[in-house]
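Quick heads-up: structures coming right below.
Consider the two complexes below, in which chain A is the common component and chain B and chain C are the respective partners.
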Partner chain A sequence: MKRFSPVAISGVGCLTALGHDLDQCMEAMFRGERNCGPPTRLSNPVSLDYPVFEVSPDFSSAQDREGSSGVRSVQLALTAVEEALRDARLSGPELQNRRVGICLGATVTGSLKHEGIPEAQGANKPEYLTPEQRFLLTSPVLGIANQYRASGPLQTIVTACSAGSDAIGLAAQWIQSGMCDLVLTGGVEELYEITYNGFVSLMNCDTRPCRPFDASRNGLNLGEGAGLLVLESEQALGQRGGRAKAFVWGYGNSSDAYHLTSPSPEGQGLRGAILEALEVSGVGPERIGFINAHGTGTLDNDALEASMFREIFPETPFFSTKGYTGHTLAAAGGIEAAFTVSCLERHHLPPSGGFSTPDPELPASPIQSSLKVRADFALSQTLAFGGINSVLVLGGEKEA
Partner chain B sequence: MNTELKEQLKQIVVTEFDLSDMGPEDIQDDDILFGDKFGLDSIDAVELVFQVKNHFGVEIRDMKEGRPALQSINTLAEFIQRRLAQ
Partner chain C sequence: MRAAVLGLGAVGGFGCGVGDLENAVQNSIPSTRLVDMETIHGVLEVPGVTASVSPLEHKIAKRFLRRSTRFMQLAILGSLLALEDTGEQDGALEGRTGIILGTGYGATCNTLNFQALSPRDESSNISPTSFSHSVDNVAAASIAALLEKNTPNITINHFDMSVPLAFMTALSWLQSGRVDNVLVGCVDEFSKISAYHQSTFKGDGSGAQQCGIGVGEGSVFFVLAPEKGSEISYGHIREARTCAWSASAPEPENDCVYFWDHGFQASNTETLLRDSLGHAPSASYLGLYGYLPVGLGFALAIAALSRKNDWVYPSVEERGGHWGLQGHEPLDGRRIRCLRPGLAGEWGTVLLEP
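Here is the complex of A and B:
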């Protein structure tokens, strides 16, 4: 397998129910905040019994900007992009002379948010273009491209809950291939009727705040937000005297080819993705200092992950942040990569959100208290419907 | 145990999941429902939860409750009877 040459992460931005930038999110997480409650923004929820993690309303002035068209996902994405560029010490005009790609994971916008189109077409109404126009405007990738006049390529990845990680893996390859100088990548998600009602109907949601890996876990809570990374080529970074905060060292992806919604219980898909990510990064499992698990809080997901950690990383501390953010679907890979970079920088891991009682049925348990760890490398792992497994190896140092 | 209830459940399984080659008589009381024999999976389990609510007014609230109840016709019948008796 071809070795992955590490790609610099020069800036990070993120917002979730924990806060409106990465530092706010991290600090709230270390304080153990879990800001969830009944959904307030859904027009037609099947039930209000299942708590969600909403981003509080006053998150950014980007809401009023031209590029957002009033679409929440675009607002969330633009807010995170703005932070990531600020963190990278890049101004909007500086992007003009570079080959800037945008590669984002999303499920609701660009794919699900099309209500109104069939009804309008069916009724043969002349105004049927309005919902179509709205549908086109819901693309966060286009919203960002318009705002920053990015030259492209532009791509939205729709591999459900692993889309954010897949977007980062693909974006790194755009840099490696020489196609781009800089890529804005990660994921974005807004709470929405189709996803909320769908997860409730599939009996995947907990009526209490979720408890990943806990003996009492009984499902997930949905969340929303955005997590963005600025990936930059070595040359582009060198030319402007920029600094890498961390590197994407490897990316592994596999399919279970097993079931529409359940992961394969034997874990051959997840194992394959983990081993691929390790192999292409040239980093052995013993050098992975910690793992940011998918950890949704569902019975099956957490059981599968715990058994893989026991098998491949028997001594490595792991945690889930979904007890603090909810499951942000396509944004999860972006948000959790942002958290992972921050943990690498801080040498400090938060306690696994919502975890208090080890499950005797699981062969491994996450960390229950915050932990100081000096790690060179970490894993950020996401699993998706359809049996998609996506694993990123992130690290702080250039020389392996 | 309630034979009539079990027969009714078998009929629901055969009808709802379109088990074309099978009749209710092919389902044994303790057959594993969501395994290889019938080719049913967790999405079908959600459908069965819905049918149990429709036919008997008994709600299976989540999969922690649902998993043990949906093991077989026996476990499902016991679960329904216990709930109806409450």
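Here is the complex of A and C:
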């Protein structure tokens, strides 16, 4: 397996229930804010007993932008992209002379999504939209491509909860291969009744704010948002005098080959993804300064992750941010990569959201208070339906 | 970097397996028929090119079948056929096998997506099983479970560009050494909502009954490995990419035959592509597999068969009558560029070489 050539992250953008940009989200996490409540936007929820983390309605000027489809996923993605480009000190017109690719993880798009479209298009009934029209209207990737006239490859990854991490890993390969000068990548997810009702049907949602890795944990809460990174080639970054905030050092993905909704108790897939990410990055486990865990708050997920951390990273501090954002599904990989980059820059980790009482059944526990850490490298990992595991190694310095 | 095509598995309206596809393309047998479809407006008869998954009953355990959807079954059948076609015992491949699946409609093609036309609204009464089966990566995950592959596994749903993107990823994985070989699949179910539109709105000039193309479905899988220098009958994949029309138009290549996959109507991109390529030798086999977002995968499978037999077959296309090559002609070592004009102003291509 070839070594991964580190890929520069020059800008980051993010919005969640915590706030409308990355700094707002980080500050709210350090304050311990958990803005969750009953769903307010779902038209046909099976129950209102399961709290969610909704992005507050006034999040963006993207909502009023001319040509915007009015679809929430597109608006969330555009808002995060605007921040990421601002952070990278890039303007829209500057993108037009570059080979710009877009690679996002998403679930509520394309053929599945129809809520909100009729109103946006002035049609009376959703059946009057063909699958082609739905795709054109609801794809966040196309929404961004149209806004910024991107001329490179456009791709939507649909590996469920790991889609955002997978999108970043594949986007980094586009830069490494020379296919693109710049890629906008990450994940986006809006709360939607089918996913809400579906997770309720699986009986893995908590009726209280979720508590990942806690002894009292009893399931997840859903969330929504977007996390976007600007990845740039070294040459493109150098030509414009830009600065890398961090680098994508490695990416691993591996399947459990076990069950559609439960992780393999032996963790073959997760172990494989972690080891691949470490191998291609050339970074040993002892050099990982902290881990942003998937940490959903479900019994099985947290037990598997704690066991894997004990096995591979026995001394490494870890935390979950889903106690602050909810589980944002396809956006999780993008949002948590954004948080990880911010933690690397701040040298400061937030307390694990919702965690207060260690579970004696778990071999490892997350940090309970904020922690100052000078880390060269960090791990951000996501586990998905279908047993797909994806792991990113992110680092702050080019020279390891 | 070139990837050798070691195996091919296909299921669609033409039948099941490489033999059936080869027979259909050699004899120019269109596959469109009328399909009954129940809607809130009653039963509609619509043109379709539908597949049978019954051969799967002889390949996997019944309990696995009972717990799977049609989308999963199409994918599993296509993948098993491709592995069998490699000639390896039990279809077993040595080393790390990556799994990449491209789909345009995804797993919810006829379940959640169709709720607006369904006699009942299913959104508030979703069963845990139907929900877990609604996730797009369910098919690729099921293949991994069946083959017991703890390896890289990705699903791409970018509508009509999913196929070139899947092959682009496969080439990248092989080049980087992440995997020793890759199972690349393209899967879509018969879209009732698409058929409904084509049937109901035929008056606007775009209807399937007017143009004669059926809504397709099927699955086509390829086993790829890095080129090793030996003769490969199906040929080698040289490149796969997508391009924005505004950024790059294809130049005619003298040593290429062009296999087209396209939609019911000629999009602006298709018109521009055809103008750009002028009189380059072209063929289309849409009549064999029908209209579906991952149709480019079927065009590529037919290209692999053309490569193997060193023949270009006559077009089997029914959009506004026959178009493209009308008779057999020798391939004579030429390359085959498979093209798909995209809805969003993109075009996608996969290039097959000897």
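Here is the rule we go by: the second predicted complex is superposed on the first by the 378 of 400 C-alpha atoms of A that agree within 3 Å, B and C clash if a C-alpha of one lies under 4 Å from a C-alpha of the other, contacts with A are read in each partner's own complex, and residues count from 1 in each chain.
In this section, contacts are C-beta pairs under 8 Å (C-beta built on N, C-alpha and C of every residue); 3 or more make two chains touch, one makes a residue touch a chain.
The model shown is predicted, which means the values in this text are computed figures rather than measured ones.
*Asks:* Following the overlay on chain A, give me a clash-or-fit verdict for chain B and chain C.
*Replies:* Once chain A is superposed (C-alpha atoms), there is room for both chain B and chain C without a clash.
*Asks:* Given the overlay on chain A, how many degrees, to the nearest 10, lie between chain B and chain C at the CA centre of chain A?
*Replies:* Approximately 80 degrees at the chain A centre.
*Asks:* Output check: A:Asn97 vs chain B and chain C. Expected answer is one of first, second, both, neither. What do you get?
*Replies:* A:Asn97: touches no partner chain.
*Asks:* Touching A:Leu202, do we find chain B (first), chain C (second), both, or neither?
*Replies:* both
*Asks:* Thinking of the overlay built on chain A, is A:Thr156 touched by chain B (first), by chain C (second), by both, or by neither?
*Replies:* Only chain C is touched by A:Thr156; chain B is not.
*Asks:* By residue count, which of the two partners contacts chain A more extensively, chain B or chain C?
*Replies:* Of the two chains, more chain A residues are contacted by C.
*Asks:* By the touch definition at the top of the document, which applies to A:Thr261: first (chain B), second (chain C), both, or neither?
*Replies:* Both chain B and chain C are touched by A:Thr261.
*Asks:* Check whether A:Gly219 is in contact with chain B, with chain C, with both or with neither, and answer first, second, both or neither.
*Replies:* first
*Asks:* Which holds for A:Ser369: it touches chain B only (first), chain C only (second), both, or neither?
*Replies:* Once the two structures are laid over each other on A, A:Ser369 reaches no partner at all.
*Asks:* In Å, how small is the closest CA gap from chain B to chain C once the two complexes are overlaid?
*Replies:* When the complexes share the chain A frame, the smallest chain B-chain C C-alpha distance is 6 Å.
*Asks:* Chain A residues touched by both chain B and chain C?
*Replies:* 201-203, 259-261
*Asks:* Residue numbers of chain B touching chain A in their complex, please.
*Replies:* The touching residues are 41-43, 46, 49, 62-64, 66-67.
*Asks:* Could you list, by residue number, the parts of chain A that touch chain B in their complex?
*Replies:* Those residues of chain A that touch chain B are 201-204, 206-207, 218-219, 259-262, 299.
*Asks:* For chain C, which residues are in contact with chain A within the complex?
*Replies:* 99, 104-106, 108-109, 112-113, 116-117, 121, 123-128, 131-138, 140-142, 144-145, 147-159, 161, 165, 168-169, 172, 175-178, 191, 193-194, 196-197, 241-242, 244, 246-248, 263, 293, 343-344, 346
*Asks:* Going by the contact rule set out above, which residues of chain A touch chain C in the complex?
*Replies:* Touching chain C from chain A are residues 1-2, 44-46, 99, 107, 110-112, 114, 125-127, 130-132, 135-136, 139, 141-142, 145, 149-160, 166, 170, 173, 177, 179, 193-194, 197-199, 201-203, 253-261, 268-269, 272, 276, 280, 384-388.
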